[in-house]
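Consider the two complexes below, in which chain A is the common component and chain B and chain C are the respective partners.
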Partner chain A sequence: MAARLGSAGVALRSAAMNAGAVRGLAAAATEGGNAAEARSLYRRFLRAANGFGDYNLREYTKRRAGEEFRAHADAPSDKIATLLTRGANELEVIERQAAISKLFKHVNSVMDLPSKKRME
Partner chain B sequence: MSTTMETSTVPPSATVLDDSKFSIKGQALEGRPAYLDFQATTPMDPRVVDAMLPFMTDNFGNPHSRTHEYGWLAEQAVEQARADVAKVIGATAKEIVFTSGATEANNMAIKGVAHFYRKRKNHIITTQTEHKCVLDSCRVLESEGFEVTYLPVQENGLLDPQLLKDTIRKETSIVSVMGVNNEIGVVQPLKEIGEICRANKTFFHTDIAQMFGKMPINADEIKADLMSISGHKIYGPKGIGALYVRRRPRVRLEPVINGGGQERGLRSGTLSPPLVVGLGAAARVAMEEMENDERWVRFLSDRLYDGITSQLDQVILNGDREHRYPGNLNLSFAYVEGESLLMALKNIAVSSGSACTSASLEPSYVLRAIGVDEELAHTSIRFGLGRFTTVEEVDMAVDLCVKHVSRLREMSPLWEMVQEGIDLKSIKWSQDH
Partner chain C sequence: MRRVATTLARNGGRALGARSGMLAARQAARVSLVQPAPLAQLRAPVTLNMGVRAFSASSTFLPEAEVQERVIEVIKNFDKVDASKVKPEAHFINDLGLDSLDAVELVMAIEEEFVIEIPDDQAEKILTCDDAVKFVSQHPQAQ
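Coming up: the complex of A and B.
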C-alpha cells in the first residue's frame, strides 16, 4: 500500500471512484483477498474527505467516492488491482489537500449550521 | 486604492474573517452563504491546487529558459498542460495560446483578426448578447473605422442562423458568437454558424468560457477558427485562459501584446507555470468528470426549477428551455422587487446577472435583448450550479425563494391586483394633462 501511495497523483476521481467501488470491489475481490483492502480504502476516503474544512469539498469527495465504488461493484477481478492503485493515488491527493486546508483559517458555511438556522 | 493602504497597516491576522461570525448589512450571520454563482467563478478543485503547488515552490523555473534544467522542467509542464487543454476541444497543442483569461483571448481574437485583414476586409459580425469584452472590443474597432453589425437574438436567446446568412458578406473578416451565454445559459447553434462562416470564407470566433470542460465541444465539428477559454470557470485558477487558433486553414492574427515573442509571437510575456499547470489540470479533470458533472448538474437544476415552480406561480425561465447549459438557471419572479429579494436571500450567494453589471441598478442588457419586460428583468436571479453544489444547498435555495417571494408578494399591492384579475398593463398610472 505504501508503495502504491508513493506514485504520482492521478485525479481525485478515481480515488473518489474507489470509494464508490467499495462494495463492488469488496464483493469482487473476496476470493483474491482484496476485499479488505477495498473496504479499508473506502473508509480512508471518507476519513480524508472529513478532513476538509470546506463543506462543499467534504460533501463532494464523499459523494464521488460512493459513486465510484458503487460503479465498480462488479469490476472483473483482473481490473481490481489497477482500480485500487488508482484509488490510492487519488487518496493521496485528497489527504494532502485536506491537510493543507487545515493550516489556514476557515469560515464555516451556513450548511454547517442546523437546518432551522439556515432558513432565517 | 485607500483599501490597499489600510490593509497594509493592519496586522495580517485581522484581515482574515473571524471564523465563526461576520456580518452583511449589520446582520450577524454564523456561516457564509451557500455558493450558487458558478457562472461568476468556481472554487478550485483540490486536484488542481495539488498540481499547481509544486510550481509555486520547488519548480520555479522560467519555461522559456533553454539553458538549464529549471527551464526544461517548467517547459515540459507547460507543454503537457497545453496538450491537456487542446484535448478537450479536439485540437492539437500547437493551436493553443495561453492568455491571462477569456477577456484577453476575446480581445486578441477579434482585434487580432480585424487588424491583420483590415486591408481587404473591414466588417465584423457579433450578437447583442455577447460578453462585455467582445462588445467593447467591437466598439473600439468601430472607432478605428471598422463596421460592426450587432445581430439581435430571438426571444429564446438564440441567434437565427438565417439572419447571419443574410448579414454576412465578402468584407466580413470575423464572426464572433459565444457558446454558452453567461447570463441566461443558452447554447448557440455553433455548428450552423460555423458552416455559414466557412462557406463564406469568414473566420468564426466563439467565446466558450462557460462551455469549455462542461459540455462536449469539438473545434472541427463546429468549424471554429478561434475559441476563448477561461481557467476559473472550470475549477481552475483565475488569471489564466487560452485562445485556440486554428492552423489548418491557418488563421493569422496581429498580436495585441508585443515583446519577446513567446507563444509563437502571438502573446509575448513569460508564462506563469503554476497558472498554466492549473489550467491544464482543470482541463484534465474536466475531461474525466464531464459526464459525472453533467449528470449531477442536470439533476440539481431540475430539482431547483421544479421545486420553485411547483410552489410559486409566475416564475419565468429566461432563455431557451432546451438549448441550454443546465447549470445556469436565470429566473424572473414576477411582482417581486428584485433588490429586496436578493437582500432577503442572504444565505445563498446568487447574482442578479453577470458580475460586471450586478453592481448597477440597470437591468441586464442580455435580458433586454431577448425582450424581457423591464419589470421582469429587474426581478431576475441567476442560479449557478456546479460540481461542488449539494442537494441540501439546492433544497435550501428552493425553500428560501418560496418563503421570501411569497412574503414579498403578500406585501405587494401589484400582486394583490393581479390576484383580483386586474390587468396591470391597462392601468393608467398618471392622469392625462
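Coming up: the complex of A and C.
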C-alpha cells in the first residue's frame, strides 16, 4: 500500500511538472506549422496518460495537459519552440511514470465501470 | 486354457499390428525425407484451423450506418458538445464550437470507441462527423 501510494505520489508530482511542460503547446496549436506539431504532442500526451491504470492519475494527467496547452494557446511565436521542447520533456516523464505505475497494483475506480452500470 | 490361447492370439495380433504400423510410419518418414509432401497437402490443415479468423477484407468492415450511429453517440457524449447541434455533416470547430485540442480529444474518443489507433496524419484530416464515419468504416480493424 505504501509502495502504491508512493508511486502514485511520484506520478502525480511528475504529472504536475509535465503540465508545465505542456505549456506553449496550445500556443503552437493556433499557429501554422507549429499547430500541427502541438496537436501531435497533445495527442501523445493523451495516449501516454492512457498508460496509467489508475483512473485518477489518468484523468489528472489528461486534464492537466489540456489546461497547460490551453493556457498557452496564444503564446508569442518566439516562445513556442521552448514550450514544445518543454512539452516533449514532460511527455517523457509521463511515459516513464505510466510505465512505472504498471509495476504496482491499482484498484479500479467506480468511474472505470461502463456508465450504464455506474447508474445502478 | 482356451482363454489363455485367445489372449495370446489377441496380444500377438496387436503387437504385430503395432509393429506393422511402426514400419509404415518409418517408411512414411523415410519417404517424406526423400520426397517432401506437396505444398498444398501441407497447407490444407492450417487453412482449416484458421477458419475462425477472417483475413479477407470485405467481411471485417463495419456497416456505415452503424459506424455513423456510434460516432454521433460518442460526439454527443463529449462534455463540451451541445448534443442538439450534432449532425452527420457538422464540423467540429466551426459548427460544434470546439477548439483544435478538443478536436484531438474527440478523435481519441472515437479511437477508443472502435478500438483502433488513428495515425497522426489521418487524425489531422478528421474534422467533421462524416470524415470520422468515412475513416472508421474503411478501417478493417474497427470493432
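One rule holds for everything that comes next: the second predicted complex is superposed on the first by the 81 of 120 C-alpha atoms of A that agree within 3 Å, B and C clash if a C-alpha of one lies under 4 Å from a C-alpha of the other, contacts with A are read in each partner's own complex, and residues count from 1 in each chain.
We take it that a contact is a pair of C-beta atoms (placed from the backbone, for glycine too) under 8 Å apart; a residue touches a chain by one contact, two chains touch by 3 or more.
Remember, it's a predicted structure, so these values are computed and weren't measured experimentally.
Contacts of A:R39 after superposition: chain C is touched, whereas chain B is not reached.
Contact with chain B, but none with chain C, is seen for A:R96 once the two complexes are overlaid on the shared chain. Once chain A of one complex is fitted onto chain A of the other, the partner contacts of A:R70 are limited to chain C, with no touch recorded for chain B.
Looking at the superposed arrangement, the partner reaching more residues of chain A, out of chain B and chain C, is B.
Of the residues of chain A, not a single one touches chain B in one of the two structures and chain C in the other.
Residue ranges of chain C in contact with chain A, taken from their complex: 99-101, 104-105, 108, 120, 123-124. Note for the complex: chain A touches chain C at residues 26, 29-30, 35-36, 39-40, 42-43, 46-47, 66, 69-70, 73.
By the touch rule above, chain B contacts chain A in their complex via residues 16-17, 19-20, 22, 29-35, 43, 45-47, 49-51, 53, 284-285, 288-289, 292, 347, 387-390, 392-393, 396, 399-400, 403.
Within the complex formed with chain B, the chain A residues making contact are 9, 11-13, 52, 54-57, 59-60, 63-64, 67, 93-94, 96-98, 100, 105-113, 115, 117-120.
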